[in-house]
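I have placed the structure first, in the form of structure tokens, so that the comments after it can refer back to it.
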Amino acid sequence: MSVTDPERLREIVEEICDAMTAETERGRVADYIPQLADVDPDQFALALVLPDGAVIAGGDADTRFSIQSVSKVFALAVALGRVGDALWNRVGREPSGDPFNSIVQLEHERGIPRNPFINAGAIAVTDAILARSEPREALGQILQFVRFLAGDDDIAIDPAVAKSETASGWRNAALANFMRDFGTIQRHPDKVLGTYFHQCAIAMTARQLAHAGRFLAFDGSLSPGGSRAIAPRMARQINALMLTCGHYDGSGEFAFRVGLPGKSGVGGGILAVAPGRAAIACWSPGLNAVGNSHLASIALEMLADRTGWSVFAANS
Amino acid sequence: MSVTDPERLREIVEEICDAMTAETERGRVADYIPQLADVDPDQFALALVLPDGAVIAGGDADTRFSIQSVSKVFALAVALGRVGDALWNRVGREPSGDPFNSIVQLEHERGIPRNPFINAGAIAVTDAILARSEPREALGQILQFVRFLAGDDDIAIDPAVAKSETASGWRNAALANFMRDFGTIQRHPDKVLGTYFHQCAIAMTARQLAHAGRFLAFDGSLSPGGSRAIAPRMARQINALMLTCGHYDGSGEFAFRVGLPGKSGVGGGILAVAPGRAAIACWSPGLNAVGNSHLASIALEMLADRTGWSVFAANS
Amino acid sequence: MSVTDPERLREIVEEICDAMTAETERGRVADYIPQLADVDPDQFALALVLPDGAVIAGGDADTRFSIQSVSKVFALAVALGRVGDALWNRVGREPSGDPFNSIVQLEHERGIPRNPFINAGAIAVTDAILARSEPREALGQILQFVRFLAGDDDIAIDPAVAKSETASGWRNAALANFMRDFGTIQRHPDKVLGTYFHQCAIAMTARQLAHAGRFLAFDGSLSPGGSRAIAPRMARQINALMLTCGHYDGSGEFAFRVGLPGKSGVGGGILAVAPGRAAIACWSPGLNAVGNSHLASIALEMLADRTGWSVFAANS
Amino acid sequence: MSVTDPERLREIVEEICDAMTAETERGRVADYIPQLADVDPDQFALALVLPDGAVIAGGDADTRFSIQSVSKVFALAVALGRVGDALWNRVGREPSGDPFNSIVQLEHERGIPRNPFINAGAIAVTDAILARSEPREALGQILQFVRFLAGDDDIAIDPAVAKSETASGWRNAALANFMRDFGTIQRHPDKVLGTYFHQCAIAMTARQLAHAGRFLAFDGSLSPGGSRAIAPRMARQINALMLTCGHYDGSGEFAFRVGLPGKSGVGGGILAVAPGRAAIACWSPGLNAVGNSHLASIALEMLADRTGWSVFAANS
């Protein structure tokens, strides 16, 4: 049976928050830039937004964190809104079977990234957005879109994070230059990377992120029958990509264990979607071996188990 | 809105069958063995089994075809029933990003196939079943399980297909020997391959296959609240694997376009699952570039569009 | 200055034998079959045959060892004698940049092995020999050729080694089946492998092996101006392949350090060639990380340093 | 027999020049920058410098061309002179089995290029030179070394070529950023690439290049017993690397056909070495499928055949 009673959901969220707070094995915080390395690993947050707009939140749900690759979902929606299906000429829709920053696949497939949720793919998506706007303007549009989705203007880019990423992002620079060579991206790599790193540096709370994810839970609208952000078909497509590709080389495992579309970021956040039931944000800074939040992955598995929200269950 | 009215579903199935019959581009029939090469490419079938057991079928729904890799779903269920989660010690759960018969991934990951739905993975699953049974007995068990699922004892292995596969299956022999070298499979490759090729040679009609797929649509049972074939959790897990890995290197595309768990075979069949709504079998012999049925893929996309059954839609 | 004085050469060989006997780090003996695993790691042999036929030998130069992959040189000469340059339609001539038994390269290059000295390439060479002879006859021809080259009929195949290899050669069976799938080999893999494993099981002493290598040192003849075994051009070509591909993924290193064409085997033997100066056999059972004899590699570097025989030196 | 008579050599060079001039199939001129694309494909040059300093030259031996990757030989010698064997901590010595600009190998081997003659390796060598000098100074040193080797101060960098390379060198930028991420290079990629592109833009005539190659033909000295440029052991090592890695994925083929250490450049030049006999430069702008000069490869094969200079021949 699928759980819809808010009281029961509140209990479940509390149980999960308690269990996660008690966990001693918390994964390993990303340390490639000081702004991420310095985050307190003992934090945990879980937030749900239900169809009626009710919010169920627990833990550090009002603490901001760097959403990092979760931003790829929002940038993808912006790019699809701009260039439509032409986007798929330069980015694929298949899981990669490789780490998030692999360049091997790019060489084997002549510069076309496998999907928009690995780094190369997200950089190509950013380049598509830049086809019609300069970096500052493009960033403004992505940020405005996120604020609109979340219904909250108090969301911003952390400039220190963006600066650190830019200074140390050699691997992403390699990917961008490589794709520039193949023509997958058309603007100068430095310009695309600057935009990309700033987009990844958006900081949000779990509560804000759950709100920003509503459009994927409710067929493209901010609530069932509410304001439309994107077309229903596009929402389904983004959910499909999140399910098959949203956790890098742990995507199959997440689908197997949790059964919900989700997108993780190296800051420890995961945005998950239970279509028709809830938009979900979970956050804990420590990462597992494939780069996804260790505790957020476990917490979402518990949530799916207890709510029956897996998209693969009959009673969904 | 999700369609549940049988009359409307009957109309939809008819429309799809008509459209597919009219299609001139039908893909390319597999030709590596004469038994597949000789199949008439103009055939098409679509069959649905609803929660109440009602069947909606169109086209050549009573013509037998070689289910080939669709059998991997049934073998996986049998193996999980036998060895449980220990199976995952030798087979992964991640999409592969490679063709169905690639050996590259095996070398890079020390003989562990990425998932049970690529050939190497399915061969490893067969070896797990053989851990407790000799080939003849193991095949009997797989076949009995399929007959039980379909509620139909008139399902059999086509010995001519099995023989042809064995005689020409060099690539699969390479995979099996390679995994034997790494210890992923423990019995002699010839024994494992013999069993595997026979299992792939099961012949069924679309109507039978749809029935055999009910256990995945209804949380492990043959109907909602009916006889249990496997545990609900296992049904969800198999569905997740079908969604992420069921169409080889076209899995992401199928999830993106159709949004239903599915498993294809080189004989042109696809078993698809709309959890809680229907078990679906579709068949047309011609294949697309990545080895999945060309028309069955299109037909299932039409079905999902018109029914709203995508697992990624809110109104599911 | 290049050393040619036999007395000085004798001193050098003695010094090297003394140094190698004193070495405590001796590498690791191959242990995948008992017949190799049981060989005493403390053995070492070095043997030179000069243009005038004089032999300078030290250490265990009269102890037989399994020549294993050194046999690939002799099989290549036999195959070229049979099918000529047509052989190169199915085997390349480029170094592989991969371990000796990698299957990755084969998939990327559609079943054509990079060169005749990796396992896949040698199996393809054996298949070429079998184009005109049954296995028993083909083996007889290879063995006769080696006996002729060595001028010694007391050279034989060790049947226990061949049997063990056959029983455990899963990786080579994978390579053979893979190439059979691509059509690179045309006979049944079992037949080709049987021949291949027997050819690798030829046992020789270092003294015999050095004699058998004369044809490569003297432009295809057993001595300068003596009986011709193969054409001079073919001897140069085989030397070139030995230099670029003779030590698997340690070929570049051997060329860099030693500067002589050479071919190693997992039994610990290395056949090396100083064109115009000497045929050289060196043997010690322990292997280094890339599968070449640890001490034989060091000994040949010492020999090249002291004799000035590197093909890359002006005074050669 | 090895040819040493200058009159016979002169005849051979003339025959080759005549044959090459008559060739209609001339390969394809590199066209990724206009400065290379605009070179007249009908040009051909061959120049030999003998031990006594005599020069035998034919064709367009006094026309400058962009030496491009041939410069990697000179940069390697400079770097080894600076940091010695420590250079090998960040560059390997094995053939790559990949195109000159592949990034796949770098990812598989954690950022360490296989050898100093693929682009990634040469960029790492340039970074080593920059460890102790700023770009301008480093370039000055490389250029001075080449002038010293050639005994000719009239050798310069073509600034238009360097500028074009910099503007379009996305693939090399990807390699440099990738290695920067792994720590293989330590300076900013832009700085390393600027130096690298200028070094590749050295322009020389075939006559000058043959003189510049003498140090490799004569054990590190400009003539037998003459001024020493590098140690004899280092000259042998560079020759070994040229033989195993000097022609990208055509290195094995060049060794097989020509049998001389050589290094090619995309400008159509090849520097080849017959140790003790001659330094050889050959040039023709059209390239073959693996990126080496089509006619220069053929011409050097003819030269080796007619002179008997292969390092793999007994009478060498």
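All chains are identified by letter, namely A, B, C and D, in their written order; residue positions are counted from 1 within each chain.
In this text, contacts are C-beta pairs under 8 Å (C-beta built on N, C-alpha and C of every residue); 3 or more make two chains touch, one makes a residue touch a chain.
Everything quoted here is computed from the prediction, not taken from an experiment.
A.B. asks: Quick one: how many steps at least from chain A to chain C, stepping chain to touching chain?
C.D. replies: Contact-graph shortest path, chain A to chain C, evaluates to 2.
A.B. asks: Please identify the chain with the largest separation between its CA centroid and the CA centroid of chain C.
C.D. replies: It is A.
A.B. asks: Suppose each chain is reduced to the average of its Cα coordinates; what separation in Å results between chain A and chain D?
C.D. replies: 48
A.B. asks: Between chain C and chain D, tell me the centre distance in angstrom, where each centre is the average of that chain's C-alpha atoms.
C.D. replies: One centre to the other, that is 31 Å.
A.B. asks: I'd like the Å distance between the centres of chain B and chain D, where a centre is the mean of that chain's Cα atoms.
C.D. replies: 55
A.B. asks: Pull out every residue in chain B that's touching 2 or more other chains.
C.D. replies: none
A.B. asks: I'd like to see which chains touch which, written out pair by pair.
C.D. replies: Between chains, contact exists in these pairs: A-B, A-D, B-C, C-D.
A.B. asks: So in the complex, the part of chain D that touches chain A is made up of which residues?
C.D. replies: Its residues touching chain A are 102-104, 106-108, 170-171, 173-178, 180-181, 189.
A.B. asks: Which of the residues in chain C come into contact with chain D in the complex?
C.D. replies: Within the complex, chain C contacts chain D at residues 92-98, 105, 114-115, 217-219, 224, 232, 235-237, 239-241, 243-245, 249-253, 255-256, 259, 261, 275-276, 310-316.
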